[in-house]
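Here come two complexes built around chain A, the first alongside chain B, the second alongside chain C.
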Partner chain A sequence: MLLEVRDLHVEFVTRDGVAKAVNGVSYAVGEGETLAVLGESGSGKSVTAQAVMGILDTPPGRIGAGEILFQGRDLLKLKEEERRRIRGARMAMIFQDALSALNPVLSVGDQLGEMFVVHRGMSKKDARARAVELMDRVRIPGAAQRVRDYPHQFSGGMRQRIMIAMALALEPALVIADEPTTALDVTVQAQVMDLLAELQREFHMGLILITHDLGVVADVADRIAVMYAGRIVESAPVHDIYKAPAHPYTRGLLDSIPRLDQKGQELYAIKGLPPNLMNIPPGCAFNPRCPMAQDVCRTDEPPLYEVDRHRGSACHFWRDCVNG
Partner chain B sequence: MPEQPFEPGRAIAGTGAGGAMDLATTEAETLERSPGGPLGTGPADRPRSLWSDAWRDLRRNPVFVVSALVILFLVVISLWPSLIASGSPLQCDLAKAQEGSQPGAPFGYDGQGCNVYTRTVYGARTSVTVGVCATLGVALLGSVLGGLAGFFGGFWDSILSRITDVFFAIPVVLGGLVLLSVVTSNTVWPVIGFMVLLGWPQISRIARGSVITAKQNDYVQAARALGASHSRILLRHIAPNAVAPVIVVATIALGTFIALEATLSYLGVGLKPPSVSWGIDISAASPYIRNAPHALLWPSGALALTVLAFIMLGDAVRDALDPKLR
Partner chain C sequence: MVEAIIEVDGLVKHYPLTQGVLFKKQVGAVKAVDGVDFVLNKGETLGIVGESGCGKSTVARMLVHLERPTAGLIKYKGEDITGLSGRALKAVRRNIQMVFQDPYTSLNPRMTVGDIIGEPYEIHPEAAPRGDRRRRVQDLLDVVGLNPEYVNRYPHQFSGGQRQRIGIARGLALRPEVIVADEPVSALDVSVQAQVINLLARLQKDFDLSYVFIAHDLSIVRHISDRVGVMYLGRIVETGRDEEIYDHPTHPYTQALLSAVPVPDPEAREHRERIILSGDVPSPTNVPSGCRFRTRCWKARERCALEVPLLAVPAVFRHVPGPAAHDSACHFAEETRVVPPEEPAGEAPDDLDEGGA
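Moving on, here comes the complex of A and B:
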């Protein structure tokens, strides 16, 4: 396995109390594999990714327990300097909003070239030449002329492609894309996803795709991990989930996708709100919103039951769920 | 080329890449751009940054132009005072004491028979030296300490914040009277040192605040995620985005440092004769305000004009660097 997260706990210490953002997440990504991490805002998907990258703000963040094994080494036991060498070179991250993730006062060429200066010790001139190559690679028209332009002079889609170029500059083994298409137009979303998928195949890298867009997931992901209140509630190969979800929350997510054949009808929505992370309900965190909830759900926290060899569900009644 | 209407200056670049570009991409880019682009205002093709925008604003601002010209003039005469004043500011003739305006002495003579015009011109050097050096010192010390504290936070940040609180509690004039009265050297350096000592906490607070703001930007986290070191993040990604407020406050502080030097010299703890300073002249002339008001008015006027010029410059720079005022 390229990356294995085991029983990761992350909490944030705030004035009002301790917010438990990640409560025992485990997932794994192999080389060339795409794992989609799905969940609504506040489910802990981005925090897990930040912990893996090592860019969690500490304080207020705190990694309570767990292991993050990357190419066989536990990242949490490495020194900061060693982790820094891994970041960017062997694992990289693509951010949601490229306009705010690119420095407004530096030209894109400087920022792309920075990767080669920091990790490869290249001269500025060589780094710039590589920056042009990268921009060509992500199909920025007229790369050689535009390398001196500033981020705001590019369109949203081009900026996101520059972000991708930065992340893939040193051909990392693992890329984490945190909602890479959320800030883009629908037409451009498809282009950016295609580019990402194409480059992933080319470099044979592992990809963690954090998203709340089920449409994007179906096309590119191999596996899906659904997160709720800082836990993985279902983990399965992508087609199994679409065929028969094994957790009521996953079912709710799938039912709330707008569909063309149901035009004019009311769109399904999961009732209620995600739990307050400072006060997660006892038992299954989803029980107040779950249509299938029984007494046991309010008292016993469900473990990740094995549905089959490739599949897990954290629901006491996963059998009922799979069978509809 | 569909891109041409939006980016006229890129026509050559666009045509060159046209063959390699697939049609779908081109169309999508056009769609994205057509509602005016991401930052739809203004001509899209000129490289624009905070600094180039600010410079464009400044050049059109009459307040900036006037104050900059005054400051330029001051700098020139403090470097080469003999350009416009002949003779030495220390050449005094008691026989001419308190005489009024006359050829060779357009501002008249003071109580010691010194040429007020010559002394006023030579006094600019002291003021400009003190103002510029104290500001540089304060800006360097304050932004380094404040910047580091804001970036790393934690224990040292708390310590620094308490230290700045202590310095804020020291009254400047009283502090000057106490500290500078024990200094025997009659140069500008003890005065500058004192100003840096008392002035850095103000800049440090501002630098700390703006570094904390800049630190929270996504691009700082992105730089971390791509493996940039602390020093690289601080110098390349945070500093250029956090320096504007420091520049603004430092420019305004420059004027107040010049006034403070005059105040301290007036009180007899700054520079002392035979040094030439507007503060010394104002102090020496004030007893004779009834008989020879000109000896008081000219150095006071020069001081007021200089301080005003720097404060106006600071105001103009602040307006130009604040995008919200645009």
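Moving on, here comes the complex of A and C:
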């Protein structure tokens, strides 16, 4: 396995109390594989990724327990110095909002070139040449002229492609993309996802795609991990989960997508609201919103049951759920 | 009997670009909306879809008089309301209300929920006698599914979905006939979106409302709309009943837009044909001649640069009645099905049962 996260716990200490953002998350990504981490705001999907990248704000954040094994080494045991050498070179991140992730006062050429100067010790001139190559690679028209331009001079789609170029500059083994197309229009989103998939095939890298969009997941992912209130509630190969979800939350999300044959009818809606992370309900965190909840769900926290060799579900009644 | 409640005719909004400080001179214009026509019938939902910068929000703002059109007419029940001011405008405004996109910035954080929802009564005191307002506000909270006891709370005490309900309650306060909803669910989480869509659908029935529903999420627009207009760079390029647009699109932009939407079905991955458009939307300050989509269109020919295509039933379909015969502003309109037909509910009938429960 390229990356293995084991039983990760992250909490944030705030004035009002401790927010338990990640409560025992485990997942793994292999080389060339795409893992989609699906969840709503506050589900802990981004915080987990930040912990993997080592860019969590500490304090207020705190990694309580867990292991993050990257190419066999536990990143949490490394010194910051060693992590810095890995970050950017062997694992890289693509952020949602390219405009705020790029430095507004440096030209895109300088920012792309910096990767080569810092990690590879190249001269500025060589680094600039590599920057042009990269911009070409992500199909920025007129790369040689535009390398001196600043981020605000590019459109949203082009900025996101520059972010992708920067993430892939040093051919990392793992890329984490946090909602990479959420801020983009659909036609541009399709361009960007296409490019990302193409580059992933070419470099055979592992990709963690963090998203809330079930459509994007169906398009590109090999496996899905569904997160709710800081835990993985279901983990499965992409085809299985759309065919027969094994957790009522996943089922609820799939059912709330408007379908043609439901036009004019009421949409299925998951009742209630996601829980407050400072006060997660006892038992299964989803139980107050769950149509299948029984007494045991209010008292016993479900482990990730094995549905089959490739699937897990954190629902006491996953059998009923899979069978509809 | 179909009765038009709003008619929009040749609506234009240009924002001038000026140069110089003392002697300002106009050097160009941002053509945000550049000739839009549509009709909203009583009790129906007109969906307007398009990408950012296509002018859909500007259209919404003109409908509720937050922007004054540069040219064109907006008629409410047959009467031109574009040039109204003062008392006459106020009277019309009561009947056309807006629900905004962002429930975080569209509610004043220093006002209580009761004050926010009751504020329309301050502006239109004739709508409700002073002594009756608190009760009305509580009724409205109940109508949108919030606890009436929340009147004294502040917006920050609510989640995004609840705030959007507050925004909807405010929109309903004056009992309008038309609600213009500009991306009302796009800021919400997936599990909460469906709740708000259901609420809007229920309110439409209960209060006999007509909606202009603006969004970029094509599947939600399809679910709620009777008719759909597709906008590109300040103009409507195609319009028709929902199945005409979604199943029988004839404009290449609509086809590209529909094909680009990710389908939540991994089985569709292999046999789905996607049209990936090259490049970005041109700047509205410098709109291409002729057809404005031609710079990204794979079908563009010389004629497209010379002649502006009109929004009408294309000649090829004019004499063949059928779903392809609807308004489409393309010289080379062709019918192409881009979204694979959805399988009838056979595969997962259980889901539906549960959905209804």
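General observations
Following the convention adopted for this analysis, the second predicted complex is superposed on the first by the 317 of 324 C-alpha atoms of A that agree within 3 Å, B and C clash if a C-alpha of one lies under 4 Å from a C-alpha of the other, contacts with A are read in each partner's own complex, and residues count from 1 in each chain.
The rule is short, and it goes like this: a residue touches a chain if its C-beta (ideal position, glycine included) is under 8 Å from a C-beta of that chain, and two chains touch if they have at least 3 such contacts.
Predicted, not measured: the structure shown is a model, and the values here were computed from it.
When the two structures are aligned on the shared chain, A:Val296 is found in touch with neither chain B nor chain C.
Contacts of A:His239 after superposition on the shared chain: chain C is touched, whereas chain B is not. Applying the stated contact rule after C-alpha superposition, one finds that A:Val13 touches neither chain B nor chain C.
Applying the stated contact rule after C-alpha superposition, one finds that A:Met278 touches neither chain B nor chain C. Of the two partner chains placed around the shared chain by superposition, chain C is the only one that A:Gln189 touches, whereas chain B remains out of contact. By the touch criterion defined above, A:Ala218 reaches chain C but does not reach chain B. Once chain A of one complex is fitted onto chain A of the other, the partner contacts of A:Met115 are limited to chain B, with no touch recorded for chain C. Residue contacts after overlaying the shared chain place A:Ala65 against neither chain B nor chain C. Using the contact criterion defined above for the overlaid structures, shared-chain residue A:Glu266 touches chain C, although it does not reach chain B. 141, 155, 157-158, 185, 187-188, 191 are the residues of chain A that lie in the contact sets of both chain B and chain C, per the superposition on chain A.
Residues of chain B touching chain A in their complex: 3, 10, 12-14, 16-18, 20-22, 24-26, 28-29, 31-33, 37-39, 44, 47-51, 217-219, 221-229, 232, 236-237, 240-241. Touching chain C in their complex are the following residues of chain A: 40-41, 141, 155, 157-158, 185-191, 193-194, 212-219, 221, 238-239, 242, 251-263, 265-271, 273-274, 291, 324.
Those residues of chain C that touch chain A in the shared complex are 51-52, 159, 161-162, 189-195, 197-198, 201-202, 216, 218-220, 222-223, 242, 256-257, 259-269, 274, 276-281, 342, 344-345, 348, 350-352, 354-357. For chain A in complex with chain B, the touching residues are 53, 55, 84-89, 92-93, 95, 97, 99-106, 114-115, 118-119, 139, 141-146, 148-150, 152-159, 163, 166-167, 185, 187-188, 191.
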